[in-house]
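Look at the two complexes coming up: chain A is in both, with chain B in one and chain C in the other.
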Partner chain A sequence: MNPQRRDTLKAGGGLGVLGLFAAAGLIKPEMAQAAWNKTAFEAKNMEAAFAAFSAGKPAESADVVITAPDIAENGAVVPVGVVSKLPATEQIVIMIEKNPNMVAASFTLPEGTVADVQTRVKMGQTSDVYAMVKADGKFYMARKEVKVTLGGCGG
Partner chain B sequence: MASPMRIRAAAKDGVTEVRVLMSHVMETGQRKDSSGAVIPAHFITELTAKHNDRLVLAAEFGPSVSTNPYLAFKFAGGAKGDKLVVSWVDNKGDSRSDEVQIA
Partner chain C sequence: MSMNRREFMQMLAVAAAGGMTLHSNFARAEQAAGALYDLPPFGNLSLLHMTDCHAQLLPIHFREPNVNIGVGSMRGIAPHIVGEGFLKHFGIRPGSLEAHAFTHLDFVEAAKIYGKCGGFAHLATLVKKMKASRPGALLLDGGDTWQGSGTALWTKAQDMVDACKLLGVDVMTLHWESSYGADRVKEIEEKDFAGKIDIVAQNVKTTDFEDPVFKPYVIKNINGVPVAIIGQAFPYTPIANPRWQTPDWSFGIRDEDMQQAVDAARGEGAQVVVVLSHNGMDVDLKMASRVTGIDAIFGGHTHDGMPAPTIVDNAGGRTLVTNAGSNGKFLGVMDFDVKNGKVADFRYKLLPVFSRLLPADPEMAAFIDRTRAPFLEKLTEKLAVTEGLLYRRGNFNGSWDQLIVDALIAEKDAEIAFSPGFRWGTSLLPGDTITMEHLLDQTAITYPWTTLTEMSGEMIKTILEDVADNLFNPDPYYQQGGDMVRVGGLQYTCDPNAAMGRRIDNMMLKGKPIEAGKTYKVAGWAPVSEQARDSGPPIWDVVASYLRGQKVISQRSLNLPTLKGMDSNPGVAI
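The block that comes next holds the complex of A and B.
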């Protein structure tokens, strides 16, 4: 069996169904993603990413703490946690400087939610991980370098 | 469509700690398959967590988040037996919503 043909058929079939849904008005991508900050997630450099959040130049702050390994053996799964000790923290954004899509995740914290989030991100190569925090209307950040071991054998 | 999320929510000393493991391919749109064709991006874009209909976390994800995303956060309040609902939407319009009781 020709795997390429299979894939083509699958892709074609998938598109067809989605197209039908779209035509019937069942899926409205522009509505579904109305709130999603496209500019930020497609930013290709840190300045553009900061600008997309209207952050200007965030000040480095010791009150923003990134928890991530110094060396990640598997770049596909790098645990990253961010804690902000700044009062009235309302947003936490995790960025990976050398990824093609630098902005990994953005968290909006309503009042009462603790400024302490953890997730896992992909890293293509050794890079600085940035945490940007919006607290009381001002932007702060912290950075931490995470080395990614290539080869996947831990060597 | 997508498999259920695994959600753990535990209340302790007035703070509820939530851990969520979603089941999603989180395809970046950068990878190619064996025939060299680009695998289209497919990733979760938005996630919300609600405690008894009160929003406790809103998150936006990009393709840099790992496959089968993991998320942990804490919020003040929440008691044993309260309802916690986590929902996500991906860039293809798929969505999933799961509910647990806080333990």
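The block that comes next holds the complex of A and C.
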């Protein structure tokens, strides 16, 4: 527990966290705009999604690590993090194979950024979660199964 | 209280003279007790471990499973061995005290000879005896301590909180405790337990910033040896139990965080690092193979009474994995010999707590009487008499759950009934009176509501497949540790080795196949969704009404699935 951090964020609540970062110059609105790839976010299968990023078939890499629960506590907000240890990582994409639109997030990393991102994704059913990384112009990926269950009946 | 062997035997004699009914074979058991509980001390650091007592303050019967299937790499290895195979594996003599404690074999006959197990007053005597011969020994409680009885539910766990303080618990971790709500858990931690009992759980974090909710570990100095106890709460609490009870807490297995906790504790000077875990044994075994630097994992959750630890090799050395059963039946005693800053050797014994062989501790007995007094009238209400053995534990329907689903179908006018695959719940012998207290032993939870739902055949199949995967997924990290949902009315075939979605087949109702598009009236209880709060009367009212009407409960015939591919599985003895 870090009450100070929580209080600071609460104090800034009226502005909203993202607004706060934007005001501080951490995120520029046009950064999000520039990264928008309509074809990718509307892709209905993995092949189409890879194609939308011109990624071909990315090679599996142990240098791409996904942090996600083995079983989701709440399918509506599943925390997924991706760390890339590949030098010159410029993009990280998170895809949920069984979602109707599989591309959940695409991060464009300016040069010199630590390649460590986290977000929350929505999952309707048990699925492989893919992390695709573009580093030095080449594409790599990792995957991890996240189970979504009905719950109950434990213990 | 310090007690040597002679005094202990004298107490036994006094207890026997005090009017206990003794079977002729009991004299043999009494002789064995001296040897059983006179455990020679060893080494310089001892840890006592209890787990999953499920609020059973009084002695009980608890029948161990005859079906405890292991699939994939877990097939045929401890804890997935039952019956005679279990005795052979652990070198236990058939017909002995220990054979009765650890297996289902000849359960009724042996229960009559050896009597009940557990009870906090008897456990207290054993704890004191072990502490007397092992100076500085710590008592660790693996959780599932506050839930499982009427009195625990009605006092919001206060009876168990006070009992654990009196018993001398030093450190605990959590599972069902959280079902009283986050505020109640924190209240107990901050008020009742302050300065007395540490709650440890490295894998519980806030959902927003992943800040720790509890201490990840504590370090205690015992006889000059710093020992770290790291907590691992049940990773799937908000999935197996209602999410709304702990909305701001996130759990999970978190291997990397566990490794960091181990390294941090070693960095602080801990010479011995142990994990007090509510993972369940299969998850503990996998974790022990992946995380390095843990000397022992003291496990619970899956209620596996394991007479010997499993030794797991990993990149950093080896880790002992124990599991200490349930319902107050056992006390684990781990003696470490720590030399030159590390564990050089160990001795481990999982002692069965036979209530007739351990005189009641007067102080604890008086406390229990005081605690129960206001509720006695309610607890002792006689509901019916059972003609057959009533038990719950096992991968599929036990006779207690059969009775519950029979009652649900009758009282709710349903075609099919589901009852959760809980592993707690005590056993009753043929001829025993079923009291309200016994019924609450099977049902006392904070979300006891019953439900009646129109469900499609497709949905029924989805539910059975989902629960089967929580039990039989070959990767332990995807298991939740309960047993298969108990089913009334519906027959099916189950192939535990099959893939998710393909384990359940041939679903039949009254001789006709279940149709995917047709709807059926399905009764159940213990709903986890917030929308289902107060959906119907609590399960104990529904079953009590059925029992009062029946008066005599005939031997239940178990609605077991037809198993496929299990003929030679050492986890099955039918």
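In this section, the second predicted complex is superposed on the first by the 115 of 155 C-alpha atoms of A that agree within 3 Å, B and C clash if a C-alpha of one lies under 4 Å from a C-alpha of the other, contacts with A are read in each partner's own complex, and residues count from 1 in each chain.
As a working rule, a contact is a pair of C-beta atoms (placed from the backbone, for glycine too) under 8 Å apart; a residue touches a chain by one contact, two chains touch by 3 or more.
Predicted model, so just to flag it, every value in this text is computed and none were measured.
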* **Partner chain(s) touched by A:V121 [first = chain B, second = chain C, both, neither]** => first
* To do: Have a look and say if chain B or chain C is in touch with more residues of chain A.
  => B
* Asked: Touching A:M102 in the superposition: chain B (first), chain C (second), both, neither?
  -> first
* **First, second, both or neither for A:K147, with chain B first and chain C second** => second
* Touch check for A:W36: first (chain B), second (chain C), both, or neither? -> first
* Name the contact category of A:A62: first (chain B only), second (chain C only), both, or neither. => neither
* Intersection of the chain A residues that touch chain B with those that touch chain C -> 79
* Asked: Which part of chain A faces chain C closely enough to touch in the complex?
  -> 1-2, 5-6, 67, 69-74, 79, 126, 145, 147, 149-155
* Asked: For chain A, which residues count as touching chain B in their complex?
  -> 3-4, 7, 11, 18, 21, 27-29, 32-33, 35-37, 41, 76-79, 81, 96, 99-110, 112-114, 116-123
* Structure fact -> In the complex, chain C touches chain A at residues 144, 175-176, 206, 208-209, 211-213, 234, 236, 238-241, 243, 250-253, 256, 301, 420-424, 462-463, 466-467, 469-470, 475, 477-478, 480-482, 485, 500, 526-529
* Structure fact -> Listed in rising order, chain B residues that touch chain A in their complex are 15, 26, 28, 30, 33-35, 37, 40, 45-46, 54-67, 69-77, 89, 91-93
